[in-house]
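Letters are used for the chains, namely A, B, C and D, taken in the order the chains are written, and counting of residues starts over at 1 for each.
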Amino acid sequence: MMGKTTWVIPDGFLPTKSLGEQPSHEAVCVLNLTDEHATINMTFYFEDKEPLTGFQASCGALRTHHIRLDKLRSHSGEEVPRGVPYAIKVESSVPVVVQHSRLDSSQEALALFTTMAYSG
Amino acid sequence: MMGKTTWVIPDGFLPTKSLGEQPSHEAVCVLNLTDEHATINMTFYFEDKEPLTGFQASCGALRTHHIRLDKLRSHSGEEVPRGVPYAIKVESSVPVVVQHSRLDSSQEALALFTTMAYSG
Amino acid sequence: MMGKTTWVIPDGFLPTKSLGEQPSHEAVCVLNLTDEHATINMTFYFEDKEPLTGFQASCGALRTHHIRLDKLRSHSGEEVPRGVPYAIKVESSVPVVVQHSRLDSSQEALALFTTMAYSG
Amino acid sequence: MMGKTTWVIPDGFLPTKSLGEQPSHEAVCVLNLTDEHATINMTFYFEDKEPLTGFQASCGALRTHHIRLDKLRSHSGEEVPRGVPYAIKVESSVPVVVQHSRLDSSQEALALFTTMAYSG
């Protein structure tokens, strides 16, 4: 089956500012080509504090989920912190493919970047 | 032979707006280094509905094809939906290499991103 | 030794317009970690015509070369065509690592993209 | 353990200009999922001169470090040169994952790009 159960993204960052119609955001884009529902657990790593856990999402069989990190909440209601560098580990209950993208609208015009996550 | 017959792209999205001279679009860029014509089948996956099939393109031997998703039509005349997140599976009759790019001109200045597709 | 001798880039395009101080361009960025000089041959593939060959560059031992495609000329003096989709095959006499980037300044603000080339 | 000890990035460049609130910069983003501190050594390769060594950084266990190349200094106080093409080799004392990103704010609006580094 196409995919892996663990993926990492070293360059995570949620800009604090947004101009224009689109808010600055990041998305962890998951594609699940299996015939089973995927439970997705995310861990956030920082430069100077302990990792944050408890962020969960899901992706149906033969579905995609573009998980918006600016809208994500942990079990205990925490948000992903803005304006600080972080890295992300994505763990899925079934093999999936993960791509990570950022839209930055903190200046007059938006900027975009993307990369496949790394799966070792 | 360089390439694979199946590639996936988790982060697909066609912006609904375009400003300036270049329309917002995505391209599935195929390079066929074999000496046989490639038939390309694309499946689109969504967050909350069944996958869409029936989107076909081709790429000649020793040719590239930058398949414009904003212009693509399925056998039954359907367009790729705009303004909703999707993921793409690309299947080729011969090994090819696939890269995916987006041009977003929905704000004053265009934004670009690209990545090699994932082939497992 | 880190690297490969053959790399491909499906999404090549040289914008025809440039605004501001930086011209629209693409670069094939080569890193040669061997202790031998690298001779680099590039082939350009198109949607509807035969591949173009005869484009050569070099990269010294323990050197990088960011080969500017807007400045490249073939043995017979040909330029890389502008405003048409192409793909690139990069072949080196010794193992190298290849990354491909585009700067598009055809609207008011520049846009950038990059990806590692594909080596199979 | 997820990761590698050697990574390379062929396309490095520090723009000389910055407009707006965010300075033009590059970051080598490291994620260390091991339980040991990582010592990171960086070598910079150029088109026409000898490589520069002596640039060191670190990344704690279960931490990320987004190493800002515009702020980096070598043991002898040297900066990463601006306005010239370079390539980067990143060597870590323990396996890590490396991603490289650039923010270019040399025109009116910022541009971003990113890619996973290459690890062979």
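A few remarks follow.
By definition in this document, a residue touches a chain if its C-beta (ideal position, glycine included) is under 8 Å from a C-beta of that chain, and two chains touch if they have at least 3 such contacts.
Please read all numbers here as calculations on a predicted model, not as lab measurements.
Taken over every residue number at the interface, the positions common to subunit B and subunit C amount to under half, indicating a different-residue contact. A rotation of 90° superposes the C-alpha trace of subunit A on that of subunit B, rounded to the nearest 5.
Each chain gets a centre from the mean of its Cα atoms; for subunit A and subunit D, those two points are 22 Å apart.
Averaged C-alpha coordinates put the centre of subunit A at 31 Å from the centre of subunit C.
Residues of subunit C found to touch two or more other chains are 108-116.
Those residues of subunit B that touch subunit C in the complex are listed here as 2-3, 20-22, 27, 29-31, 33, 62-66, 97-99, 101, 103, 105, 108-116. Remark: subunit B residues 6, 8-13, 45-48, 50-51, 85-87, 89, 102, 104, 106-116, 118, 120 touch subunit A in the complex.
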